[in-house]
Structure formats: structure tokens, C-alpha cells
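Have a look at the structure that comes next, please.
Letters A, B, C and D mark the chains as written, and numbering starts fresh at 1 in each.
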Amino acid sequence: MLVVMKADATSGDVDRVQEKIRLLGLVPHKIPGAERVAIGITGNRGGLDPDLFQSMTGVLEAVRVSKPFKLVSREVKPDDSVIQCGTASIGGPELAVIAGPCSVESRQQIIETAEMLAETGVRFLRGGAFKPRTSPYAFQGLKEQGLEYLREAADRTGMKVVTEVKDTESLPEVLAASDILQVGARNMFNFSLLERLGDERKPVLLKRSFAATIEEWLMAAEYLASRGNYEIILCERGIRTFEPSTRNTLDLNAVPLLKKLSHLPVLVDPSHGTGRWDLVIPMAQAAVVAGADGLMIEVHLDPASALSDGYQSLRPETFRTLMARLHDLVPFVKRRMPVAAVGA
Amino acid sequence: MLVVMKADATSGDVDRVQEKIRLLGLVPHKIPGAERVAIGITGNRGGLDPDLFQSMTGVLEAVRVSKPFKLVSREVKPDDSVIQCGTASIGGPELAVIAGPCSVESRQQIIETAEMLAETGVRFLRGGAFKPRTSPYAFQGLKEQGLEYLREAADRTGMKVVTEVKDTESLPEVLAASDILQVGARNMFNFSLLERLGDERKPVLLKRSFAATIEEWLMAAEYLASRGNYEIILCERGIRTFEPSTRNTLDLNAVPLLKKLSHLPVLVDPSHGTGRWDLVIPMAQAAVVAGADGLMIEVHLDPASALSDGYQSLRPETFRTLMARLHDLVPFVKRRMPVAAVGA
Amino acid sequence: MLVVMKADATSGDVDRVQEKIRLLGLVPHKIPGAERVAIGITGNRGGLDPDLFQSMTGVLEAVRVSKPFKLVSREVKPDDSVIQCGTASIGGPELAVIAGPCSVESRQQIIETAEMLAETGVRFLRGGAFKPRTSPYAFQGLKEQGLEYLREAADRTGMKVVTEVKDTESLPEVLAASDILQVGARNMFNFSLLERLGDERKPVLLKRSFAATIEEWLMAAEYLASRGNYEIILCERGIRTFEPSTRNTLDLNAVPLLKKLSHLPVLVDPSHGTGRWDLVIPMAQAAVVAGADGLMIEVHLDPASALSDGYQSLRPETFRTLMARLHDLVPFVKRRMPVAAVGA
Amino acid sequence: MLVVMKADATSGDVDRVQEKIRLLGLVPHKIPGAERVAIGITGNRGGLDPDLFQSMTGVLEAVRVSKPFKLVSREVKPDDSVIQCGTASIGGPELAVIAGPCSVESRQQIIETAEMLAETGVRFLRGGAFKPRTSPYAFQGLKEQGLEYLREAADRTGMKVVTEVKDTESLPEVLAASDILQVGARNMFNFSLLERLGDERKPVLLKRSFAATIEEWLMAAEYLASRGNYEIILCERGIRTFEPSTRNTLDLNAVPLLKKLSHLPVLVDPSHGTGRWDLVIPMAQAAVVAGADGLMIEVHLDPASALSDGYQSLRPETFRTLMARLHDLVPFVKRRMPVAAVGA
């Protein structure tokens, strides 16, 4: 159930609706929009009678929501959500570009990478410090040390930090060092972690599990929203299919479909979505004109020596080519390229 | 094995190489290129010794080909193949757009559709006359009558006909009425049909089976080429995955990958690839910037009344919007839009 | 629509119902059962009014059929279909075992194999003469010569021949030489071939496409039945999934599900379903207790030298072990093992 | 690397090998076997020289292990692992049957269920207390209260408790109340949870993720073993495929394949693997003859009123039918049925 308020409803009107919802033993979720406020209701098992709200002052209408996801649905909030990170943003007119190495490998590596990226205008620095790896014997990341290097590199270059939070144990450190918390594909179904992140008030970049349907993915986002964290960014990174020649099958159908179903921003990660650096540029371009709000790209100064995912990482010169290509492409989708903050 | 001739090799040199191949009980395939001729060799089970050819006059080198597909591989022919159809072409600088209804339903329908499409510059008219349908009780197409209407509509508007050839029985009629023979996804593994089409000298548009790996698809193309028909156009139309919200998962990764592996032109069909008309425009755009040589689009004057696939067909006004969008997009990929032939 | 006749309905009653169906421009399909006759109706697009038949003499009831498949459905014919082949049968109390090499490779090979198999009681000899192969350069079978050897081997040992019909061109020869026509996985969606086989009156073994849903598979069977050929045997042989360690994923869920949905006999091919000879025995056992009516097993006298599919073929001694295991297992499912015909 | 000791090696010999491994900065894993001890070595990135150990007293041989998983591989430990739980066991001659409701719903429900199950001889009681659910609005389990009821029900009937551990937060309570810790399919890639459970000395039942390859699944088991917890039980529960008519595709190929690759016991859950109660009996039977060491079955006193997964739960009478069927089947695989402990 969703209670849509009139454009001229007062904050008192909104409060009274929320109060009534609580009286019914349910949970109100105020969803501010550009034109009007809506209030999502969760906690109800069966149907709720729209008449309970329809006659209240300031209420435009009370509507049943037909999808299993509510708070993240476009039905509930028709205008796009924009996630603000200082002067940078995701979901607005600026194309969001998150770039960096798969793993933070050394202080020097991440600082040099950040400087190179900042010069091209990139505003979000990625790098794994706590790495979930298929093998217990594989490199698991530099952990706290990696976070520290990442933060330093971002601060020196005026960038924002995006890094994966692998578990609730390391959450406090990741929270302290990062600007956006990434939930990796293997954790999309980790509902306990999602609940914990739903209690934070920091943006979450939620990658699609390689085996999740779009509906399950939106339900994972709903876990976050239902606890009050609406700062959610979706990131498509390829699904698992029978095709062996690419690491994953990048599902770009998901991009325009999500833009219809949900108000959340949608990014695309062509590095994981293809698993091959030589497919990254065309698929990044494709993602942008399919409607993506931005990209997540793996870049490594020397891919051959990378401790993880080297084969899918772009070299600096190839990344600069990509940025130049995107520069020419974004006017087509009425977006603009990011420009590094002054003095960054 | 591939014998690459020097740029200045004479036709006598080429003949002598072909003769030697035949003497070994194998089959030579002359592959003309912009700069030089190459000769593919098929029929050999085990390894063939490059020395057999390397010392012959006019031979640059004899190389083993590492992929199971040979004649369709980029290794064998480095420059792009362009399929010429009168003044129209597929694989060249002009973006190829094939459009029309899923099925030819009546004379009036296909003529009106063709006129509308020709006005937008479309040069290839599609329409199913012999329809493979999952149910024996579903509409199977107007058959010969449908072909006749299709030919008439194309001729009135100066367009070329692309239509599916469902089996060898109906091949003579389809051959007579069409300019490009389409092999549907369900027939990609129908090797007997492929062999038969390999003996023709008419272009074949080979759709990817929804369960074919990219390698299997190229092997199907190799069936055509190995019989001497090199006029092959590949068309990605979505693969079968666990995702239920789209009819298929359009695998755009395939586009840049195919452009690396093969010299054949690659089209994308976002109508089948998504199964939803409202995803067609963004995915068509994505296909173009991913490197596709063209698009195959279902268009219906009145989708709600279509006898098949109405939900994925564009209305005329939406199709015109798509063409206008593409017009703005093609300079980015150094292509130009098609323009209807004068007097068409 | 299905018209179910009373147990004591006369043949005149049945004729009158069929006549009325024809008068309505539709096609009646008489489906004899152990207790009563039913008449399927095909050709109707929209709903048909049950009242049209309900008041006719001898009619028990006229029911709408909810599935897209009709004639092959259990709703239409509640008792199991048994396909009779001389004294051998598929779908009855005797477990059907079809065995033999992937390809007929020589006269001696197939005769020796047949003799070995006949000694173990096997009644159906398989062997490919016309082979659909992914590569145009791979061994395509001995063709007519292979059929001849196969027929001779079967006749000498009193066995029945099961062999693949690859296309309509080779159908006359395959029809002449075989007792059961196999439609391979790659041809399950070849509707023209299915229609042609639907006009024959010889049993068809219909393998599941590795990308077909169970419903699509039953629709392919419906193609056969709708033309009057009810002698259909389904054969599960594995579907294509993301799992790389087996060639296919054998879908045994399909076995009990098909037995609920359809009256047709169901076989399982664990050789293709696993792609590994060392998994064949356990999966063959599993298929039998899941309810399969029989098995299709690849056996080769010398797998290492096989021209195709050697890795998934059982050696004679392993096949004998399998038969001994099945001998102990079949009482559990109230079946008996096949015994070679006297004098075979 | 694996160091295999001679059958007559002394414990001093074993100690010296372990000491040398530690001196090299690596971790030794002593793996006791029926005949001899082996010592797995982990922590080495590159190759290790077998000569380092081959000349030591008591060493039979030092062998490189070719699979990415080591400690759970059959290469490292040729004889089957048996997990002992009081007098009950998993992996030995007794077929292990774990049964119970999807969720613990009330004290009365679980006690009545346990009593019914104990009467049939079942020795392991399952029931979800902490439930991972796709929707944040769905029933999430009775949590601590549920664990308490489950423990009481098991203790009254002499059964062992198997219940899911959803996260590290609830681990202490789940540890206290259960005998076997279940890792659900959605947590198989939750490496932090696996590491935590690897530090416990309680058996872990590790379900396969619906998107995990068999190798990834064994790597998840390796996470547990690499921390010293070798008490691991694998449980196949179906993978995600394109087939919509069953909730999952039960991959029984995995059973014999795992028995080749690994020494760990393998269970099968046909309730989740099919998602339909009416397919559970045939698929349970199939699992047993494919070589499974046991079954995990959902049973509900009144499926229609279940708070979760009712459609796939067996009623008591159907479950008793299953147990009677298994009773007749187990001699075929040289196993015996479980018998409830005396006085239970």
C-alpha cells in the first residue's frame, strides 16, 4: 500500500498519515519526491483497505502496489533517485564513472592509479581491500591496510571511495574508510548483511548476483530500503549462462527494464560482465546508450602483474580512450561527463 | 591450414597451390581479400605440414588455424565481409536496417507497412511467410501467398526481401521470392538445411539458436562457407537463461566478440532479444554502439491485432522515433543511415 | 476440447461425434483407451462450447483441456501408451534398453556389437548412420551403407533398429531400414521434419532439445500426434546449464513430471546426459527408479578408437555390469528385464 | 602438495614432516585415514619441490595435487568420510534421513512432527528457525524461540538437530541448540561465514548454491577444511536453469561425480530440488541409487497451512510411504535404513 499525498499537503498532514499507519501496527516509509510526498506502508500481510487513508486531509490517493517490491519501485516514486556524494552524484545528469583496480595491492599502486584516474575526470575510486575469493588459498586483499591506502589515494585526488563490504565484522572499518559501500555479487543474497546496511545511512552499491532474477535483485534492494536506507545504487555485472567464451553474460536488457520498474540509479560493470578487457569499451558504450547512469570499470597500471582479475582490467591508455569515446557519446543520452573537482 | 599468398602472387601461383591441395585429396577454398588472396584447406583430419606449401612460388606463409571454424574466421580473412544486395549492403558503412512484421498477414498489411518503412529509408523488408511455431495449432503463415505479397510490397518500394526458409521443401519458392534467406533460431542446428543453403549463391541471414554457444554458431556458418556460400550474415537474437522477465537475454557481448573472431557482418534483433517493444529502442541503440552492422526490427501497424509476436513489435510512430535516434547515433560509430533508393 | 465417450458407447456413437466435429470445420482425433474412447478436437482457435457434444448419445463429458498440448496429455488419455515393436515393447512392464555405438563405423563393428548386446537380452540396437555434427569437417556417418550394416546386424540377432533421421531427404532410406525413427536433440524444433514424421505410421523416438522446456518438448510430440502418429517415445538426454564438469545436466525431474503430464513412454539417455562413461551406471539406475520406461545407452567395443563420442561410451564388460545391476533393480519398480527373442 | 606417510610411519615421523612444513612458512593439515596418514600442505602459491619431503623417514611419497581443492579431494583421502553424530552417522552404511518442516512454526507443530518422524526411524530433525527469505516482508522464522522448540522436540525423541545458520551474529545460539549446522544455498558463497564455521568443531551441512559449479562448491567446502573443520556434508538441492516447470533442476549427475572427486558424504534434497511434493518420492529414490549417502526431506503435518514452502512438503502419510519404499531400495546400494535409538 502506498499513500500518495497532494502536492500542497502540509507536513502535519503527512505526520497524521504516518501516525495512523503506526497505530495499525505497521511501518510508514516517507518517500520525498520532487513534486509530492508518498508514504509506503510495510508490515501488512494481507490486503489493507485504501479507505483507511483516502478520506484523510492532504491525501491524493491510497493505492495497492502490485509488485513484491514496494519502496524501490517506480510506482511508489515516479522520479529518478539521485545519490549525492559531496559534489559528485550518481543518477543525475553527470555520467558516474567508478574506476580502479580489482584489488588494492600497494600504497604506491593505488595512489598512482588514483592520480591517473583523477586526471581523466573520474570522481569515484574503486579498489578491493576485503576480497571474497572462490579459493581459500587465493589472495584475500590487504584488508585494513588496503582501506587506509585507498582512503589516502582518494583524499589526495578529491575522489570518493567505493569498496566492498564483505561481512558485518569488517563493516565498521569499511564504513569509516569509504563513501559508498559495495555489496558484491556473492553477497546479494546475504540478507543479514543487507539488513545491517539498511540500518546505516551511507550509500550502498548493490551488485546483481550472477544467478539473481531482476525481481530478486530488487527484493534485495527492498531489504535495504525497508530498514530506511534509500541510498541504493544497482549495478549489473553479468549473469551465469551456458556461454563459455565470456566470463559472464552481461544482461543489458536489465538496464532499461530496471529504469521502468524502479527509481534507483543503475550502473553497469562491463569488466566483470565480459571478463575480457578487449570487450570493455564496446560494452561500456552500449551500457550508456541503453540508459545506464554510469559505469564501473577495472583499471590496472600493469594488468599482467595484477593479483586478481588482470585479464579484464584496462591499461591506463585504454581507459583514456574509453573516456574520450564516452565524452563523444554522452550528449546523445543528454548526460555530461564528470569533471574532477577543482583543486582535487 | 590456410595458405596466404603474397600480394603480388599471380593467378597461376594461386592455381598451382589449389591443384596441390586437390592432389592431397583435400578441398581448397579461395578467399579473395582486399590486398591478397588466401586459400583455406578443408578435409584434413590430422595436422598438415606447412612445408608442403611454404616453398611454392607466390606463397607468403602457410599457417595452422587454431579455431574449429576456419573459413568464417578473422584469421583467415582479416578484412570485413560486406554483403551486397543491389545498391543496399550489410557490413559496410551504411547501417543495415531490416524491418517489418513478424508474419505477413495480408496484402494490404504488408504493402502499407513497406510504404511506411521505405519512407524512413529502410532498405530491407522482413516478413514471415513460412512460420515455425511451437504449437502445431498456431498460425503457420500465409506460405506461398505470403511470399507473393512480400515480393510485391518490396518491389513497389524498392526494398529487398528477407524471409525465413523453414525447410528444404519450401526452399525453391523462398529462393524465388527473396533476396536474403533467413535461417531461424530453431533451425541453426539443422545441418541438412545449412548444407543445402551452402550450395546456393544467395545471402543467408543466420540467426543464433537460443541455446548455441558462439563457437557453435560460427560452426553453423562454417557449414555454409564450406560448401562455397560465403554470403553470410550473423544475427544475435537473445539466448535462453534463468531470467523470466524478458523473453530472452540479448547477448550483446557476442557482438564485439564476433567482430574479433570472424569477418562476417553481425546484426542484432532486439525485438526477439527482449520480447518487449518497450525495450527495443534502448537495446537497438546499445547494439549499434557495441559494433553491430545493423538491426532487425519487428514493426506492426497495429500490434494488438498481430497474429504473432505483437507484444514485441513497434508501432510506426515508435519505429520512426527509433530511426531518428539512430540517425543521431550512427556518426559516433562512423556509419551512416540508409537512404531509400531514388524512385523507390 | 476433449469428448470423453461412455464405456458402453457404440462405434456409431463415436462416428456421430466425429462427424459433428468435421461439420464444424475441425479435426477429430480418436484416442482409444483401455476402458473408453476419447475424441480430441484440434483446429479451434477460440473456445468451443461443451454443450455442442454433451447432449449427444454415448458422450460422458466434453471437457476443455487446459494445457497447450492436448493429444499427448494424460488428461486426454489417462492410461499409459505402450509402443509395440514386434514382440518387444516400450512403455510396458519390460524395461526397454536401446544400446549400441554412437556411429556405425563398419560392418564388423556393428555385427559384433549386436551379438554382444543380444546376449545380454537387449532388444533394440542403436547406431548412427546419418550423423548431425557441429563441425562440417567431422565424420558424418556411413549413411546408406551404415543403415545396411545396421539392418543386417539387427536381423542376425533378432533386434529392432533405432536410428536417427536427420532430414526429410534421407527419410525414405531410414524408414526402410529402421523400426524406430529417432529425432535427435538438434532437430526437436525442426517442425517440418516433425510434420513429415507425423504422417508416417512408424514409432518416433523424440529426444529433448538441450534447450527445450518440458512444455515445448510435449508440443513437439503434439506435432507428431496432430498428424495422426501417436507412436511417440520421449527421451531425456540432458539440458544445457552453466555446469561445465558434465557435458549436459541430466534432468531426471522431467521423468516423473512427464509421467504426470503425458501418457507417452519416457526413456533416459545417461550417455549424452552426463557425457562421461563413468557416470552412466549410477545415472541409469537413477533414471529407472525415477520412473523411466527404459534407457538408451552408448556402447562401443573399443571406446578409445570410436569415431564419435568415445568418452561417453561403455565398454562391453561395463555394459554387462549395468545390465546385471538393472536386473536386481527392476523388481523394485515392478518391471522385468528384456529377454532376447528365442532364436535371436 | 600432499605428503603420504607409509603405513608403518610413527607419530614422530608425522610430527617431523609437519614441523618442516611450518618451517617453510606453510600450514600442515593432518588427514587420518583407515590405513595411513596423509598431510596436506596449504599456503604455498607456486610449486613446492616434492624432494623436500620424499627423503624423510616414514614418507611414502609427496605428490602434487592437480585440483584447486585439496583437503576435500578424494586424491588426498581415498576412503569415504563418515560424520558421526552420537549413534547416528552420515556417510556410513546407514542411509541418513534428515526430515522436518521448512520452518519451525510452533512448539506443538515441531514436537508432533518429531514424534511422527521418530516413529519411522528418522534420526535427524530439520526445521528453520532463522530463515533467509527473498522478501524482507516474509516470515523470517521464530528465531531463538524456534531453536528452543526444535531442541526440545529432538531431545524428547532422541533425534539430532539440523538447522540453518544464517549469519555469524546468530551463530552462538545456533551452535548451542544444534548438532549439525546447515549453510543454506544463498550462503554458500558467504566466505566469511564459512571461515567462521571452519573454526568450529561441529559438522556443517553445506548446501550447493543454485548457481554454483561443482568445483566452486568443493572450494566452499575447502574453506571449512582449510580452517580445520573436516566434518563436512554436501547437499545437492537443485540448480537454476531455463526450465520453468520445476522450481529448480535437481542435478543428480553431481552425486556420482562428487563421490569420485571428494571423500565427503553427499546428501540430496529433492524437496527444494523439485519444488513439488509430488516429485519427491521418485527423485528421492533416484538420489539413493545414484549413490547419495542420504536425503533431506521437507515434511509438514498440514502443508496447506505452512508458513513457507508448503507446496514442496510431504504429508506424514506420504513420508511414511517414502520410508517404506526406501526400505525396499537400500539393500540394492548395500545400505540399511536408520532405526530410531532405543528409548528415543
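In this section, a residue touches a chain if its C-beta (ideal position, glycine included) is under 8 Å from a C-beta of that chain, and two chains touch if they have at least 3 such contacts.
Quantities reported herein were computed from a predicted structural model and do not represent experimental measurements.
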Each chain counted as touching chain A and chain C at once: B, D
Chains in simultaneous contact with chain B and chain C: A, D
Which of B-D and A-D has more C-beta contact pairs: A-D
Greatest separation from chain B - chain, by CA centre: D
Length of the line joining the C-alpha centres of chain A and chain D, rounded to whole Å: 35
Centre distance in Å when chain B and chain D are each reduced to the mean of their C-alpha atoms: 50
Residues within chain D bordering two or more other chains: 211, 240-242, 244
Chain C-touching residues of chain B, taken from the complex the two chains share: 42-43, 68, 132-137, 166-169, 186-187, 189-193, 195, 209-211, 216, 219, 222-223, 226-227, 240
Chain B-facing residues of chain A, complex: 211, 213-215, 239, 241-246, 249-253, 255-257, 260, 273-274, 276, 278-279, 282-283, 285-291, 328-329, 332
Contact set on chain B toward chain D in their complex: 240-242, 244
